[in-house]
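Both of the next two complexes hold chain A, though its partner changes from chain B to chain C.
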Partner chain A sequence: MAENKSIPKTMWEPIAHEERNKEKISRPSVTYWQDAWRRLKQNKLSMLGLIMIAILFTLAIFGPMIANHTYSDQDLNLTNIPPRFEIYKIDKDTFVHVRRDYTLIQVSEDGEILGKVEETEDNIFQRYRAYKIEGKDIKLDYSLAAKNKDKPNAKKFMLLSDGEELIPYKKVFNKTYWFGTDALGRDLFIRVLYGARISLTVAIVAALVNFFIGVLYGGISGYMGGKVDNVMMRIVDIVSTVPLMLYVIMLMVVMGAGLKTIIIALGLTYWVRMARIVRGQVLSLKEQEYVLAAKTLGASTWRILIRHLIPNAMGPIIVALTMQIPSAIFTESFLSFIGLGVSAPMASWGTLASDALGGLRTYAYQLFFPSIAICITMLAFNFLGDGLRDALDPRLRK
Partner chain B sequence: MFKRSFALLLVLGAFAGCANQTEPAPAEDQEQPKDQAEEPAPAEDKEMVLRWNLGSDPKTIDPQLNSASDGGHIINNTFEGLMREVNGKLQPAMAESYEVSDDGLTYTFKLRDAKWSDGKPVTAHDFEYAWKRALNPETGSEYAFQMFYIKGGQEYFEGKGKVEDVAVKALDDKTLEVTLNAPTPYFLNLTSFYTYMPARKDVVEKDPEGWAKNPELAVSNGPFKLAEYSTGDKIVLVKNENYWNVDAVKLDKIVASMIVDQSTQLTAYESGELDAIDEVPTQEIPRLLAEEPTFQILPLLGTYYYIFNVDKEPTNDVRVRKALALAIDRKAITEQVTKRGETPATGYVPPTLKLSNGKEFREVAGDYGIDPNKAQVEEARKLLAEAGYPNGEGFPTLELVYNTSENHKAIAEAIQEMWKQNLGINVTLTNQEWAVFQDTRHQGNFSIARAGWLADYADPMTFLDMWTSYSGNNDAQWRWQKYGNDTKLNPSNKRFEELIEKAKTVTGEERDSALLEAEKIMMDEMIVMPIYYYTDPTLVKEYVKDWEKTPLGHWYFGNAYIEK
Partner chain C sequence: MNKVNNNVLLEVKNLKKYFPVRKGFFGGETQYVKAVDDITFHINKGETFGLVGESGCGKSTTGRTIIRLYDVTDGEVIFDGAELGKMRESELKPFRKRIQMIFQDPYASLNTRMTVGDIIGEPIDIHNLATGKKRQEIIYDLLERVGLNKEHANRYPHEFSGGQRQRIGIARALAVEPDFIICDEPISALDVSIQAQVVNMLEDLQKEMGLTYLFIAHDLSMVKHISDRIGVMYLGKMAEIATSDELYTKPLHPYTQALLSAIPIPDPEVTRAKQREVLEGDVPSPLNPPSGCRFRTRCKYAMAKCAEVEPKLKDVGGGHMVACHLMDK
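And then the complex of A and B:
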């Protein structure tokens, strides 16, 4: 018996090193969010999207601060200069660019805009303009333009220096105005940057409205259930059946056009989708045991909602959020495009595109830059949203 | 429409293709079927259709109610007054002949045997009815004041007189007698204007508001009649077979589309979907001038200006108004922003309008110290400082209202920047839809508003008499007596009105000096800020012949034809 009771000495010896580590969790313990971040990092497109959004925010916030002119500064002498153009050499250090309306702009060899050249003669019947630059007689003959009207690639003008035809010296980028200038001689780059501010303001507002109104509304509706749910959801139905455009137009009558109107209109309507998503999530989550446990322990409804239900529905919420932001930006651009947006001279990407439309045939770059900005932002948010959806889905967790 | 013609093209193409197969293939075989398919059918059995862009949807096409140029285009083609201006010459139209009494006060018109589009004869009673209708205060015609030349007209409109005392009378079915308050040198011109066109009592009374736009109700006496009106889309006019001079009308149909966007219009024109447009995107004008042979810039009697609300702070101070008017560079606006070859404006009445001695009104009246070629920054700043806003300090942010259009927006943005740079004041821009905008202006709910005025007849009076206290078009609210909602009074308007009324009763040099002084008062008060005198850029395909634009800028297609 005594033998049975005693534990063999060997049992008291420390176990081998390997044995001791057997029970240790080899993977570091990660929270849900750390894991999601880890998986998001693996998704290259999402990271690209995230970086692009970061760059956009940086440019929108700091870009206009360091620029030396604002979105409304005009120079009516320097209208419609493209971002890249052909230059002609007049003299050793004198170069000119021929604008599409057949007038001359003096530029430097590497593409800095120096100013408009005043013509000495403007003959609209024989279709030429004469200039005097550095003592040379320059004649810009655009009579070919009418003859070659339907041939986009044909020669449209001749630049003659003392009777000798000049050939393009080289093509340069515009160093003064990176994206060129618009019809009133405003710097398009600065205007696109300011446009980014508006678009991102709208994005932030849409996100906040979604987050605070949509999530809480859906959460309360889902958790309360019954009659409360019924009434709240019918209100949502009513709000969502009235088109956004109608809200905007009605608000404009009351408050006048502007960013404020658009933001309020977005605030009135954009939480609806989010409310539905959160309600759906909460409906299934509230049957979980931890909710029962919390209730048993006497937690208040508010606490259950804020501490238990909403954090557990965070995945779908964030995904819906990243998808709603680009849609809000796009809505703003669209409203501005059709003239319901910010008032001039402030410009959002939508109004910039709308302004450029009139000169689309001749000055396509004015439409190109705001459109590309809209595209990049849309893509960036969508990439990020896609990646977040995968990263936050617990079933895809490895 | 599109589908059908496309199918036709395919069928024709197929036939052409068949024919070619039996023949030895020439070198350019590929091209041939296409060419044949595109050839139009012989002109005899094909409808001659003109596709023209009207632009915006007119508020009304009722001759007595209309006051806008879009409605004027349609009315000029559907209705006909006693006279009509063709190729710049005034010709008898509904009137066969007319007599003027020696004192120039009584006009007796003999009407020709003309019919309405429903076959009933056009009688002098139709004119009498229409003219009295325009003067009836209940009709609410904004252009009633165009009729104030007629004795008793103004009294009736203002409720001080009776309808029987309006001196227009149909002596019989074919004779119309009109007595004027004063000899009016341009009265015959006026009878070609839309407010003076006839209307049928039985038709108007069926639906006083909507008869003109309803193809089932509308009757007209001009070369065309209304066949279809689809709101916001198009107006279809067809040849009026009952028109007295129907042989001269060669077009079978006019499709007037309502494309507002200038860029869309130009695209439609360049791709051959439209034959005539008169609005083009500003940005494209330099290119069109250089490249497009059918692009023409026609002269137009009109002024583009901003109205100041003389009842509202701070534009109720004449120094502020003057400062604003002096601080803009008109040459830069016309050359760099509008680009239509306009002349910078230094007065309200546009050039080419003449005084009785043949001299140009504009040259005699002078420029009121406005430099057309640059902004007078120093003077403007001084005036603004005198008004209590040195360097623009303390100046409230004003609202500048314009109706939605790329062109108006660009001008507004340029002027906004000029005021900011030159005076240091801030202005916000608000665009409004045309119908809303017209109300805003009429009711004076603005500080500064964009406006343009096109002549209704070739006389300086058409620009000046709109600023009388009883004119519905006095949008600056510059009135010395109460009118509608305008209860803030501006005594300076009284002398102006006296001069206008005097000019309507006298002739010759006396009239000239009254008109000149009237414009001087108006410009000294600077109730409006003239910016430029209009031009009319027009694109009409070369196969459209004999189309016309009256000096007032109204299209007329009564003699036009298409020759492809």
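And then the complex of A and C:
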């Protein structure tokens, strides 16, 4: 109490109040999307997912354009070359690689493929092949292979230069075919990129179908309510009880297997989940007072749907979309894997994986690359979806 | 009621609004919530008609049925000579310009994904009132009219306070230049300090633009201040209608008396002198309301007749109408 006396009287005077600035807002305007983006940026995993998706899109679109082979170029002389291999030094600048079928290809020291070496003699009884490289007599003796058949780690062949046994010089990465080649000598890297194109086509189709059919269908059903809603939802039930596989098989009968069939099948069924989600959202949003206000203003059903209901349901729509897209990609891969999808020479990750199954024990890399591509894509979309779910949740809004 | 009055803007005759509620999972007989059950009243041009009653008595439903957010179960809604009750949406469109509504919740009544400019501009777009620069000017003008300013047009609703949002809602309603505005508890969600501000603004606008209001509220104190005439509702029925002065000085219906005695008076002498009648018990469910007079379960004057015969709303002189058997004597 005593201290109060020391406060000068002037301090008790009211602060001058600017009447005109009373309603002023000084905080910068932040929209819902700016706010969501700000929160999404804080989520490291989501940003990683977003970056991976961006890289995938860029590679899928531009990769095949700038590459010097196409997905269907084959070289039967250069089949099943792995992405990393052992080389033997023959001469100062001459190196060879012994393939799993005991033939020689000439390579450079840092791993470029120069071509197949033609043999001078192929003795299948004594199990050796003879070559003449740079004036040297090279003999590839694979008679040990038959003896050591059951011992996977034992020596299978000997490479002799002028009668002298060569030892592996070093291991190099394949500079010509980064992911190696497949059983028909096609560049696996280009084929995986090409598979990404197919996957992204499927992703885009799934997204469009979800958006234009799913969102509108669900929106109309939810907004109309009553009998209309009832009929529309029973149709959804019918569509969703028939398994996708059945649609694909039936369509295949009519129009043959291929990307078109899969896309149409996805188009017929992939909007169903989205329609249900949007309907649920709209059912709860349509009782909101701003919707009633729009109605009292005379807004048409269409206007209320497009301007009020769908924008406010956008959070759940986008989250559902980021979950639907990887599911569509996976479905396409799966269908292609079991032979119901795209057909040769087109390459989808699913067909690549299924093609690799034959030589799985010797050429495991052929399965590894398409599988990794599928995994990365799934993970990227799921990371992004998780982050979006948090970022778009209105309860977390600050 | 039967007076022919040229001044009448809105006439509500025997209005009923029942909401079906399905009983059990497999349908069975449908039950109805009789949210509004046979009410009759009128509103004169340029006046403010207050509608009061406890929560759940059907005030909002009355307002929303008049503006045809709900379909009419039965009865008539005559606005300026036209029967709105059975019109289709396309026929209603011209009336959507003349009747507007201000909502209770300032947070739910504005679409948060739209800028304030677009919210206020929406009625202009719907009725093709103006485009481009003209539209812009109308929006700025409306913002200023409700005490906001131009810069607010590019902002989003969440940046505003409750009072400011409610004023944006008012500006939106004014954009179509209506004759009649239904205010559904426009101030009950606001801070006490800004309630008066909004009420004063509504009164000023009424004088300026010659508006007619249906002002819904759940307590009498605020309604008295703003209304010319007041209707008291109980469980979907109109209990009493009178001018606000008369309702205060001479409340006749036991329910009105109870409501009035519940208003705190800022004078300890008066409060002590006055016997406070406390309304006991809860409002019965509108699914199966009491027979006869609906207020009988809580009325201290309830007689045998009250359970058997439903009291009709009767004029007891000078337009003061009461629905109670006590008036029969």
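Worth a mention:
Basically, the second predicted complex is superposed on the first by the 368 of 398 C-alpha atoms of A that agree within 3 Å, B and C clash if a C-alpha of one lies under 4 Å from a C-alpha of the other, contacts with A are read in each partner's own complex, and residues count from 1 in each chain.
As a convention for this text, a contact is a pair of C-beta atoms (placed from the backbone, for glycine too) under 8 Å apart; a residue touches a chain by one contact, two chains touch by 3 or more.
This structure is a prediction, so every number in the text was calculated from the model and none was measured.
For the composite obtained by superposing both complexes on chain A, the positions of chain B and chain C are free of clash and fit together.
Applying the stated contact rule after C-alpha superposition, one finds that A:327 touches neither chain B nor chain C. Residue by residue along chain A, chain B and chain C are tallied for touches, and B comes out ahead.
When both complexes are overlaid on chain A, the residue A:363 reaches chain B alone and has no touch with chain C. In the superposition on chain A, A:176 contacts neither chain B nor chain C.
Looking at the shared chain after the overlay, A:297 reaches chain C, while chain B stays out of its contact range.
Contacts of A:371 after superposition: neither chain B nor chain C is touched.
Minimum Cα separation between chain B and chain C in the superposed model: 46 Å.
Considering their complex, residues 64, 67, 69, 92-93, 96-97, 99-101, 103-105, 108-114, 122-123, 126-127, 147-149, 151-152, 154-156, 159-160, 164, 169, 172, 176 of chain C touch chain A. The touching residues of chain B, counted against chain A in their complex, run 261-263, 281-284, 286-287, 289-293, 329, 332, 336-337, 339, 404, 406, 409-410, 412-414, 416-417, 420, 428-431. Interface residues of chain A, counted against chain C in their complex, comprise 23-25, 27, 29-32, 288-290, 292-300, 303, 307-308, 311-312, 314.
Those residues of chain A whose C-beta lies close enough to touch chain B in the complex are 72-74, 76-77, 79-80, 100-102, 124, 127, 142, 145-146, 149, 156, 183-185, 256-257, 339, 343-345, 355, 357-363.
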